[in-house]
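Before any comments, here is the structure.
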């Protein structure tokens, strides 16, 4: 019997679970790593083996290249999948894997480095003949004088964006509408970028008005084949962080789709890209598009592409890393079958400015039925740690048409229950019913503008009947509690007859 | 049994009486009678109202000091049962009168303090910025008023429930 | 505001939940009915309103036409969906709905009556020019003498099947291999059919050897449009009860697929069929097929068709009942996209001859990720009643190819956990690894033959290491129990800090 | 703490000692030492073995009288901890010696009794047919032997755990 090839997954949460599923389906062994607060996390429980790598703070665990490489070597893993976030776009990690004889499931360290710097990536795109958003060519030195930055800002024009060179996930990014706000924006962006990425460098980019964020997923093998996929529409953002993604986009004509896909492939080829990656574009009102940046990793929103194409991107990442040739029919990759929408479900209180609300997920009820994909990283009984992103799950729905997908989304959001913590579910229920969302009339500023207009108004205004219901439920729960009938935590302590006995006692 | 339930600042008096048969209840909310069947589930409570058969799948998570998080299918609401309000009160009880104690909803680090005692603040004006989970979060005033106390300084780490600012 | 159209769902379990989901997506209100033991069932909790209709035994609740029609009228429902089983193929129920001014979501009472009698249905098929399996033209009278039955059996030839005229789900069906067993088989079939359907009439049908059970789903509107779908392969059966279904079938050539679909549509047209229905065929080794029977309702296995076509059959049932025209492209309905496999997960102990093992489902972990559809009727904390079929869930997986679907099935079965009761999961894990299943080399006798050969051997033979693991887990659980740390029922009684306090106390 | 665990008729002695740190255990099975970390979950127990990091997501449901249903990812096994075997013993303990008590695994109605006292039966030979959940289920002999007692008659209703047949 040959020893089974093992993959170490250098991540946690839903993406670690997602990668393990692909490994399992390919017959590959799975090695998890976990921090102290993740001892009972789903990714640990689903792995064949799991190794502790340190305390909760990411800097002491999931960002520790040395420890992770050490576990990979000791466990006999031959591949390392970084997921997204943490070390996924860290070229030192990719290099350390290579140095230890491990195959990094992703692009080469040099491709990561080139595309990881937003300013360098813009140069690559220009070299590939792809238009870029007007902005600064090079990042500002840490001690660049305000006057120099202000001059550059004037050249680009307001409104503009301050962006971290090493940015991602909306961190280290600030919108500046007038010169007066520039200096403060630079300061907060630098501070946030420094603490989030260990790199405080920032640059400026013109803020395109009424633009949509459209991106092209692609796969590239080690033999030079690059396959771009049908686009994802990611314009529903809060503070530059994607909230809802869908595929295809309502805003793309077929010629634009093809042109954007070709541009994406050209950028990937220019940088000698391998594995899965995404080229992000801004599409303006005239239908012109501009290169924004490249994500040299699997993205959070990859499932919508999988759902509309039927192609498993993570399996392909692994197969490419194992040296296989990409044999996907390019026509199929670019042709959506139906429509898919993803919501990123967070443990945040939408009525408190989306403040994180970590805590114990006491119970979960995840919807099923047709057209639902559940990519979850949390099981009932898990305490969402304070140290990481508070995403609980990705919810992906699909339908024959966008209208069917949206009516399904509403149904599914109504069914979805996360008990014990506040989540963004009420927000999504509100959003799914917004006329602009339903008609597809939105751009990247849509959500922030709308939220600003709402001035913190609750997403669900409780009616008087609701308040009665709440009072009734609270009083009943208190009653059951007083009668020791475990209201709210009804999972009985033993088999059926014991429960039956208790039910009897209640009569 | 009688309970006083504080829902968003409004007190309701709820009488709960179990009917003869198991699981059937007579619940009186401020004088209005509801005949219903309530059964515990793994999620919380499955409630069916006799009149019309309305079905309500609700959850109740006990915090402490009589505070519960009640989750209806479309709504999350924190309530206090029997008025034994815990020190760790709700931050945002907009519209309520009297002293408002703004507490940290989660552990984090105070990055910036934007007000000082004596400042007049608008409803939803920023009070301080707390970094938590790698994001900067601005805590805002739950009502218009005057800052009477700022209990933290910039750079300090705070636990969940820690008093930050008092507004009157 | 116009009053919302309401649908009463005259069923329980996963199919009631499935129908409610379709209602929700179409904006229709949902009315559930429930028996005493189903007070906390998922279908009650998900419904807009729910009404008790009597004690646990189906004859006192889910089979009570009077009570159900009464609830429908009182609640203001205008449609009644019967699901499958219970009253789904009862023409009296369909008629009672019509008499009360309710729209029955299904075919006309006369179509139900004609196709509900297996012998009458065979005559319809013959009239439509569709070949039928050789057998008795008419059912035997209850007092038909053994000698007469034996003579008819000789004419048809052995092996043969005794089948209940009102049969379904393998009940009232017996295989007879030699004349000596005929009388006993007739007796048990009559007894089972009498108690299950209230109709003890039986007839005989030749047992086709090495035949596959292939069926054609169809939809028909009230304007005469009939759309047949790509076939389902349902040959994996235990005691004539489907266990695994898939679509498409490996055994069908494209011309046979089209011919079978045309035959199915012809039968439906002959009987003036409306709504969703299924024509079941037997396909013999030579590629010839024979009409077996028609199911005049939604079937358990409808999701595999939905998954490979992207068409929501239940939404269409409702839309047809609301008078809409069927606008599905027939070419699309007959063209599968990828491959789907369904497993029917039961609370049965596969190592005890699939004996039902009802009880409390203490916890559930339902797999997610790509290509998984979860059609469940049970939530954690629910006690599976003794009164009904013990199905817990349907698990549907899909993949780009049959091979991908099978590797996904294995992954998903490994993830699926039902805690507190024994289920058929170990059996499915075993089946998914069988070479005949993987290669698609099976017929309707495959599973029964294999099970007979195994002589009750356990599906998972615990190794010595497994036994060590079991002993370790049992001892640890007992240890936690002794230390009051709720081993096995870890859902904490309250919020996170209380749990934290307890964890502290443990140190 | 020491436990005697009966796994499919074979007794194992398991010592469980909590290590200094929370969640870490030293478990000794018939002399073999396992260092592991065990944490309760909503499902049961998440166990990680120190040597090799093997991860085991297991569930344990307590029945009564020391009987537990242990569920590993690929396997369901009933065990008895500390030998306090409950009257409602497992029906199928193939290969075990001595008297075998065949009990009803679930409530139902006895349709047919296929054996009488004194009959010699083969392993897995049919003993009686019980109708439950609308299906007829044949209960078979857990081992070869002689029927010493038939405790029910045709047509009688039986509760789960009711003694049906004894084989020696």
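Quick notes
Here the chain labels run A, B, C and D in written order, and each chain numbers its own residues starting at 1.
Just so we're on the same page, a contact is a pair of C-beta atoms (placed from the backbone, for glycine too) under 8 Å apart; a residue touches a chain by one contact, two chains touch by 3 or more.
None of these values were measured; they are calculated from a predicted model.
Both subunit C and subunit D are touched by A. With A-B and A-D as the two chain pairs, more C-beta contacts join A-B.
Mean C-alpha position of subunit A lies 30 Å from that of subunit B. The centroid of the Cα atoms in subunit B and the matching centroid in subunit C are 45 Å apart.
As a whole-number value, the distance joining the C-alpha centres of subunit B and subunit D reads 47 Å.
Annotation for subunit A: residues 46, 362-363, 365, 379-381, 414, 420, 486, 489-491, 493, 495 touch two or more other chains.
Shown for subunit D are the residues that touch two or more other chains, namely 23, 40-43, 57, 61-62. Taken in their complex, subunit A has these residues touching subunit B: 171, 188, 192, 195-196, 349, 351-353, 355-358, 362-363, 365, 386-390, 414, 417, 419-420, 422-423, 426, 429, 455-456, 460, 462, 466-482, 485-491, 503, 506-507.
On the side of subunit B, the complex with subunit A involves touching residues 1, 3, 5, 7-8, 10, 12, 14-16, 18, 21-23, 25, 27, 29, 32, 34, 36, 38, 40-45, 47, 56-62, 68-77, 79, 81-82, 91-92, 105-107, 124, 131-140. Residue ranges on subunit A touching subunit C, taken from their complex, read 17-18, 21, 24-27, 46, 303, 306-307, 310-312, 337-338, 359-360, 362-363, 365-366, 368-376, 379-381, 383, 400, 404, 407-408, 410-411, 414-415, 420, 486, 489-493, 495-496, 499-500.
Residues 31-32, 39-40, 44-52, 75, 379-382, 491, 493-495, 497-498 of subunit C touch subunit B in their complex.
For subunit B in complex with subunit C, the residues that touch the partner chain are 23, 37, 39-43, 46, 48, 52-55, 57, 61-64, 69.
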